[in-house]
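The next part holds the structures, each set out as structure tokens.
Two complexes, one shared chain (chain A), two partners (chain B, chain C).
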Partner chain A sequence: MRLLTHNMLASNIKGVINGFPLRIEPEKIVEKQVDFNPDFLKNMLPKLDWKALADASKIMGYSELPDEVPDQTVVDSSEFLQKLHHALLELHLEEGALVCPETGRRFPVNKGIPNMLLHEDEVFTAAVAHLLMLCCCSWCHVPASIKCSFTSNDNRMKLIVFRKTHAAAYD
Partner chain B sequence: MSSRPELQAPPEIFYDDVEARKYTSSSRIVGIQAELSERALELLALPDDGVPRLLLDIGCGSGLSGETLSENGHQWIGLDISRSMLDIALERETDGDLILGDMGQGLGLRPGVIDGAISISAVQWLCNADKSCHEPRLRLKAFFGSLYRCLSRGARAVFQLYPENNAQRELILSFAMRAGFAGGVVIDYPHSSKKRKEYLVLTCGPPSLSTTTPNAKGEDGDSSSDDESSGDEENQTVCISDRNRPRKKQKITKKGKTRSWVLKKKEKMRSKGNVVPPDTKYTARKRKSRF
Partner chain C sequence: MWYLCVFYHRLLDYRKPEFESLADLFGAFDVDPTSSHSLQWKLPQHHHPDSPFHFVNLPSEDIARNIANRSILVKGIYEIWGEGSSYEELKESINRYPDDRKLPYLIPDSTFRIIIDSFGKATSFKDQTTRIQGMAYIPFQGRVDLRNPEHKFWLIETDDYGSANGLPPVVDKRIFFGREVGAADRKLLPTYQLKSRKYLGPTAMDAEMAFLMANQAQAMPGKLVYDPFVGTGSILVAAAHFGALTMGADIDIRVVRDGRGPDCNVWSNFKQYGLQMPVSLLRADNNLPPWRPGLKEVTSQHLAYCLCLLASSRGVKVGWLGGNESKHLPFYSAIWKS
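Moving on to the complex of A and B:
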């Protein structure tokens, strides 16, 4: 997995508000030669989260990138683009793990493929929504009319709001 | 047993080591995949300025479709649920990055970073409920919602899919529309049963000139190029007024099959996508009497 992909990946576990950036726990890092293309890098630059990239490249053992977002004059220099190219496309995380910054959940990386599959309880499903609703309603003694509005297809925000307003009874 | 793999087992189980190798070593499938992804890339309508883009390949499998993207110079990230397929992709040394993930759990990607997404024969898997926790509607919603977020504004997503029936097609389309996408279905070679391919072309952002659905290949007239056509098929009624209808509608005159009949037949075969020799002055000419 290249740092380009790492810069795009975020954890999507239910309830996680900011799952980016995933912390890298490297075990094995390899370098692969890739053709240099300045157009692609310039095109990608506004989309990159610079801080995440700089931090990630340091963890991967490459500390040539500046900490701050470079200004236009630096961006045009081929020396900078070469460094960016190396960090973004040539460094591969072969073995290790990615860790969700909020929950600490580990996503293992094997042979360069991160396993982002979630367990059943990490996905927001109809069954979970329904169960939560039932628990909330029975504990808070809410009137039946409110219960009815929480169908299993209702979205997650409503449930969270509901849980917050009835936090005392829910705990 | 049904010929649809969707009905046999969940994707991560159906595409095991054996099936994954079989899939990738079949030259027929490789050819079809390359053709489909070439067409999908064409429908993606990326700006023609030679700048490589960052594309997403959903259900990349062994990277057959990604290979087409690499050949066109683009960088890509592939997502698939089958580990065996991804292992084959590693063996084939594909250029893109691979992620083991389930599209029905939502794509865990940052908002607005992807320039386009393609998917070859994958999205219809979302309509299956393979585990007790699977709810196709919620999975479709999670998938299209997260895809809409991660695409940049004005970016397109092209999905080649094999819906099982009209209801499935409409279900997928309705969830795409609900997520905020504009677009519709493009059907290539609608008259042919073999070459007929459906593409769902979706555009991120409000409707504009760029969101109009592109024209399909191998069709005559303007019908069935957008999503309305899928409804038409359902409403079609077969009119049979007489119980004992005539055996053959085509009346062949005593003179035999005329030139106009041959031309009509050839045109029909062309519309089905078959290879038909061109019409010349020799087409359907009369043979000499000694024959």
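Moving on to the complex of A and C:
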């Protein structure tokens, strides 16, 4: 996975408000040479989230990028574009993970492919999860004390909590 | 200026959309960006809309040439010097056509050839020679070069061939004579044909269709093309051929990560043709696209069309219509336009 992809990806777990940028947990980083294409870089530059890119490239061990987007004269210089090119397209996260900044959920990166697929308990909104949970609880006769534990503020965790307690109630 | 556009007689519904996407790409609508981004079309008299012959109004010959050379379904775009329902009418019409449009292509040092074409029937070699000789009233001064001429002139005939060509009969016989401005390069189809591709899946997109889609998505250098259902990458290969950087997602991780081994996967398909590798492949579910807010989604008509095409062609093949995805067809996309 290259940093251009990282700059576009966000945690899409239902209920997460600020899922961007994903924190990179690098295990294996490789560099692959890519043809230099200044037009592509200039097209992409206004669409990038600069801070996320600069931070991510530091984590990937490349700290040549400035913290702020430089002004136009610097942007047009080939020296800057070469650096951007290297950070954006040549640094690859081969193994590691992307971590949701809000929930800490890890999206694994394996053989350079980020796995952004969610588990089914991550795709419901809080309201749906709550409803589903209440139905199930009454159906399964879960004791009231366990029900209370679901009123925790962390809505996203509700269903997960439910699953675990539910399993326990069944056992 | 009006040109005659002759299409290949296939994929009829995609002919004009491809043409107009390319017209947009090559700047036909730049003068008035608020225009409807569609071109003026006219049918020859008594022709059915499915006919391969269409007149089209284009702002310049350069745009016409660019469209024709890049397209998959345009057999040729011609500057028409004359037309008629008989060879006598054609002669009159050609003679009336202004000399300043004709003479630059007839000068002594140029090379040319005349090609006889007809729609729905074959013309015998003997007839072709007679027809070419019959054009002697045009003051050609250049040299004939059959292999690599500077100017190609086409004599194209349509006739009422009954139902032989699958179209409702054309009432009038019509003969066109014109100079070729540009023609499709369909040689890239055999180069990219699926049967010689290394990594294939059950839904690999036919090369012709993939190039058609890349044209409608206006893939070109400096752009990023994203296929939300990448599979074996057959659409991205076409986009990469036109110089775009590519990106793809699939819900099946085996397809995007493993393929059929280290030398037979999505990456190897790009390597096979010497194309730029995709920027990224990832596993994602398009019900919940993993893109950050503020990422500009482009839902241009071309793109929406392109994805409709994708959804319909794949929907049928994979049998999605009964599956989960049918609720959220892939109208999400992140092609970033320059």
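Simple rule for what comes next: the second predicted complex is superposed on the first by the 125 of 171 C-alpha atoms of A that agree within 3 Å, B and C clash if a C-alpha of one lies under 4 Å from a C-alpha of the other, contacts with A are read in each partner's own complex, and residues count from 1 in each chain.
The rule is simple: a contact is a pair of C-beta atoms (placed from the backbone, for glycine too) under 8 Å apart; a residue touches a chain by one contact, two chains touch by 3 or more.
These numbers were taken from a predicted model, which means no experiment stands behind them.
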{"item": "Fit-or-clash call for chain B and chain C when the two complexes are aligned on chain A", "value": "clash"}
{"item": "Partner chain in contact with A:T5 - chain B first, chain C second, else both or neither", "value": "both"}
{"item": "First (chain B), second (chain C), both or neither touched by A:G19", "value": "both"}
{"item": "Chain B versus chain C as contact partner of A:E120, first or second or both or neither", "value": "first"}
{"item": "Partner chain(s) touched by A:N43 [first = chain B, second = chain C, both, neither]", "value": "both"}
{"item": "First (chain B), second (chain C), both or neither touched by A:K111", "value": "both"}
{"item": "Intersection of chain A interface sets (partners chain B, chain C)", "value": "1-2, 4-5, 7-12, 19-20, 37, 39-40, 43-44, 47, 49, 89, 111-118, 123"}
{"item": "Residue ranges of chain A touching chain C (in the complex, touch as defined)", "value": "1-2, 4-5, 7-12, 14, 19-21, 34-35, 37, 39-40, 42-44, 47, 49, 89, 110-118, 123"}
{"item": "Footprint of chain A on chain B - complex, ascending", "value": "50-54, 73, 75, 77, 81, 83, 86-87, 90, 97-102, 105-110, 112-114, 131-135, 137-138, 142, 146, 150, 152"}
{"item": "List of chain A residues in touch with chain B within their complex", "value": "1-2, 4-5, 7-12, 19-20, 37, 39-40, 43-44, 47, 49, 89, 111-118, 120, 123-127, 153"}
{"item": "Chain C - residues contacting chain A, complex", "value": "221-224, 245, 247, 249, 251, 253, 256-258, 276-277, 279-285, 287-296, 334, 336, 338"}
